[in-house]
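Listed next: structures, encoded as structure tokens.
Each of the two complexes below includes chain A, the first together with chain B, the second together with chain C.
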Partner chain A sequence: MPEPANLIDREIHPVRDRVLLGAVWAAAMLVAGAFVWLLADLLWHGAGRLDWSFLSTAPRNSGRAGGIWPIVVSTVLIVAVAIVVAAPLGLATAVLLSEFTRRGGTTERAIGLSLDVLAGVPSIVFGLFGNAFFSVWLGLGFSILSGGLTLACMVLPILIRTAETGLRMVPDDWRLGAAALGLSRTTALHQILIPVATPVLLAGLMLGIGRAMAETAALVFTSGYVDRMPSSLFDSGRAISVHIYDLTMNVAGGDRSAYASALVLIALLVLVNGAAIWLSDRTLQRKIATR
Partner chain B sequence: MLSKLFTTGALIFVALSTPVIAADDKIVITGSSTVAPLITEIGKRFEEKNPGVRVDVQTGGSSRGINDARSGLADIGMASRALKKDESDLKAYTIARDGIGVVLNSANTVSTLTDQQIVDIYTGKISDWSAVGGTQGPITVVNKAEGRSTLELFLHFFKLKASDIKAHVVIGDNQQGIKTVAGNPNAIGYVSVGTAEFEAGQGTPIKLLGMGGVAASVENVRNGSFPLARPLNLVTSKEPTGMTKLFIDYTQSADTHDLVKEQFFVPNGP
Partner chain C sequence: MMSAVDDKPTPSREGASSAFTLGPLVAGPPCCTPQTHISIKSVTLSYGRIPAIRDVSLDIYKGCITALIGPSGCGKTSLLSCLNRLTDLIPGCHVEGRIAIDGQDITTPDLDVQRLRRRVGMIFQKPSPFPLSIWRNLEMPLREHGVTRRDELEFRIEKALADVGLWAEVKDRLGSAALTLSGGQQQRLCIARALTLEPSTLLMDEPCSALDPLSSAVVEDLIQSLKGQYTVVIVTHNLAQARRIANYAAFFWVKERAGTLVEFDQCRTLFDQPRHELTAAYVKGLQG
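Here is the complex of A and B:
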């Protein structure tokens, strides 16, 4: 009688399997190689420009000299505004979609469709909308607030869709169990569903932050171009990707600063992602330890 | 834990939401992406000399500068061209000048083009470099996007309409033009003379062509002999007063000439 485990080890189609194995490895190498190449190119052109004073001082001579500190501060503020506004809204909508609407029902489909359309809208359109609505109509002008709110609109679909998936992944048995124990829906959400879904919620948050931090087109006409240190959220503040765009496209001799700024942007993204992974590991561990 | 994060975030948000500087001491300037870096630098120097004043510079193109100055959204607009006939309701203040020159890749063997040849290349009548004395190869025509001042100046100078031009590549900002021509041995484009001169000096593989027998150089733009030049203007909808007037006067003063040169433009005056 053949052992079932042997089926996995046995090579049924040696050639075909090897071709498949080779193909997936090649694809993975290509992806990794593209990233390594990109990073090497950035380091090659930008590392010489990167030092402590680049991180800690303000730009001079249109960014050719000096640093990017006010720009890093503006970027972090813009992204913070976007997430502070979008995360609660996103979570609430996701709860509505996964807990309070019938799957495939009219409400769920209508909201789902509008989210998917919103997710596909090019960022420049969000920029124009943000300029017309937040900057002009609401009178916020060119400000970190306008930029952050525009980005909030932009990342909402990502946040909602991932949070919804996370909540849906919780087995229905748990909901039934909570109901059987007489827990209210609020308590069930607060004590069971959201904690269980936290790793996915955090992953969605990271995707949102990543998209927000790397945004250019939505910010040129909302948070603007001013590269001074912002003193309030009503000040215009230049985001790091707007700075990179200006240096490459508009400032002759700005390329080295652009490369160095790109390195800082990537470092920021890695930092945020690292923090998210750490946070999600920690919440998982605590859950295993206490529950 | 998430809720704590949000509370902290909301608190920081409220704390930062208080405006610090009164609106009277803030000058908002929008418009041409070519002028914006220069005005940003002039603005910084102006802020140093006038503590408490803030100069906020935003980009978006000359048309935006004109519109915002007209609608009052901005105190001052920036336009990298002279005012048109239908813009006579506005006031323009020239802060510097800039030449526009035709650039080729330095690998190209062609060293001069007549005005007629340039027109024929841009309208698609000539499509191979061998027709103008170069080595055989298809010409890549690099044109500026609709609404760009450089395009308008180029069209006006060669008496062309935007629809006459058969472009292969359409670009936006100046550096994009330089990078496109530097990366394609068969490309032809037109860019700011000052930046092209600087880039060529830095080893970027481009070369500037003369026009009408006059070499394309910052010097020839300064002395007025180079034919294809444009003023860089600040525009206002009414006679400027107060801080706005002070700032415009300052941009036109000799105090800013070093900043103008740093951006590869030509200062006012002799």
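Here is the complex of A and C:
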């Protein structure tokens, strides 16, 4: 898409505009710099520890030696449970909010308020709730399932709010056009509104996955600490972030492993984001171009 | 604009002192022997408690083009939306009165709205093809209404595209995105999309006003070619266009903040020998 801002690039006031330009560049560089520093720090301390066997073997000696393979598997499983549960619930709620309730109406306001409150709840509180509800009351114990379900509750507000925004961004012209052709709401949603909103839906999903993957406090009391390879969803499993926390806080001499694990976590996040961008491009093209 | 009228006050029908008053509806005799297709009886439409149209009665004749003219905010588009019940989508919108199409009351709550909208197509001001391929744009409504056989889909789609003069232009790229078409082509695609459902009536809400003059002329010719086959109700601010294409014209005005029908007549008569002084002033460009 063309950037309209480029058209006025050449007209720059000698002093004022240059100061502004300098300030915005400085701000952007500062932000980028913080990330680069963080990454460099991780690489500096962790890269030496990172090799194929680190990725493919189980931790030994409380994580000082060995690798993180079971932990990667547990993390992926926990996040998968969270997303599989939260994504359909989130999309459905977003559809209700954007398509079937009046903006500013009682239902919309009530659901919106509860979502905003939910989004502001600290993750440790989710952890306590998950422990009380999923682990104890439902009897799931310390398991990947109760960890994943707890995370699902936590990422739900993000998923709903982004999906709702995405659906609201679809111009009303298409809703009216679809209605005027006698298309049902379901067809309009399924054929037009959701495909158009897909890039935003995927972006929301990625935000959710990112948040879920990086979560520590909510998992300590729900999916637990056990660093063995889980044999089912009812097994306890240690997420990468919990592993990093444990290595840093409880294991003397675990720092290098912690850094390496953090690198793996960041690599996973980058991978997920890349996949999302690729997927949304592809969905758009397929939806628009095929006969 | 007002002063031109105030200088030479036209004697009002009711003899009131103000320049313009809304007297009783003035309707001229129909031409030939028109058949009523849509009958609108005492329709009042309100958003919340605020009426947008008050007590409009009007007959729309089969196979003719009827233009709804009048200043902005006089309820022309609202009236149009009543005819395919698009008003249902607007929260707080309430319609009173009776509207019958081919004798069937369409204001009843248990009406099959999807079937109604299949019979009464609508074209909007801004061309709104779906962000899908040209083919999918036409196929989707057909499938929704139960047309699934490949040969029938192809037949109907080709016919509709040919009817709007788009077949030759797009037949080799039916798979490409509809949004890559030009504005005029997009509007013709929207008309084709409505035509695939074989409606009896087409409602058009300023269908040319978002188009450049050349595309506008093409779409106008197309609308004219629909005369006879379809009953067309068109809202337009372009008086010259109304004059060129419409058989009948209905002139609306705002009275006490609600749209009211002032005069309905054959288009020529309404423009050349208006019976109401408001109409006269509006079509001469003095008022509105």
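Simple rule for what comes next: the second predicted complex is superposed on the first by the 276 of 291 C-alpha atoms of A that agree within 3 Å, B and C clash if a C-alpha of one lies under 4 Å from a C-alpha of the other, contacts with A are read in each partner's own complex, and residues count from 1 in each chain.
Note that contacts are C-beta pairs under 8 Å (C-beta built on N, C-alpha and C of every residue); 3 or more make two chains touch, one makes a residue touch a chain.
If you're wondering where the values come from, they're calculated on a predicted model, not measured in any experiment.
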item: First, second, both or neither for A:I192, with chain B first and chain C second; value: second
item: Touching partner for A:A23 - first (chain B), second (chain C), both, neither; value: neither
item: Touching partner for A:V36 - first (chain B), second (chain C), both, neither; value: neither
item: Chain A: partner with more touched residues, chain B or chain C; value: B
item: Touched partner set for A:L183, first chain B, second chain C, both or neither; value: second
item: Common ground on chain A, meaning residues reached by chain C in one complex and by chain B in the other; value: none
item: Chain A residues within the chain C interface of the complex; value: 102, 171, 173-184, 187, 191-192, 195-196, 287-291
item: Residues of chain B touching chain A in the complex; value: 1-2, 6, 9-10, 12-13, 16-21, 28, 33-34, 36-38, 40-41, 44, 54, 56-60, 73, 172-176, 178-179, 194-195, 198-199, 202, 262-264
item: Partner chain B, residues of chain A touching it in the complex; value: 61-63, 77, 80-81, 83-84, 87-88, 136, 141-142, 145, 194, 198, 201, 220-221, 224-228, 231-234, 236, 246, 248-254, 283
item: Of all residues in chain C, those that touch chain A in their complex; value: 84, 86, 89, 91, 113-118, 121-122, 124, 126, 128, 130-133, 135-136, 140-141, 144-145, 174-177, 179, 190, 193-194, 197
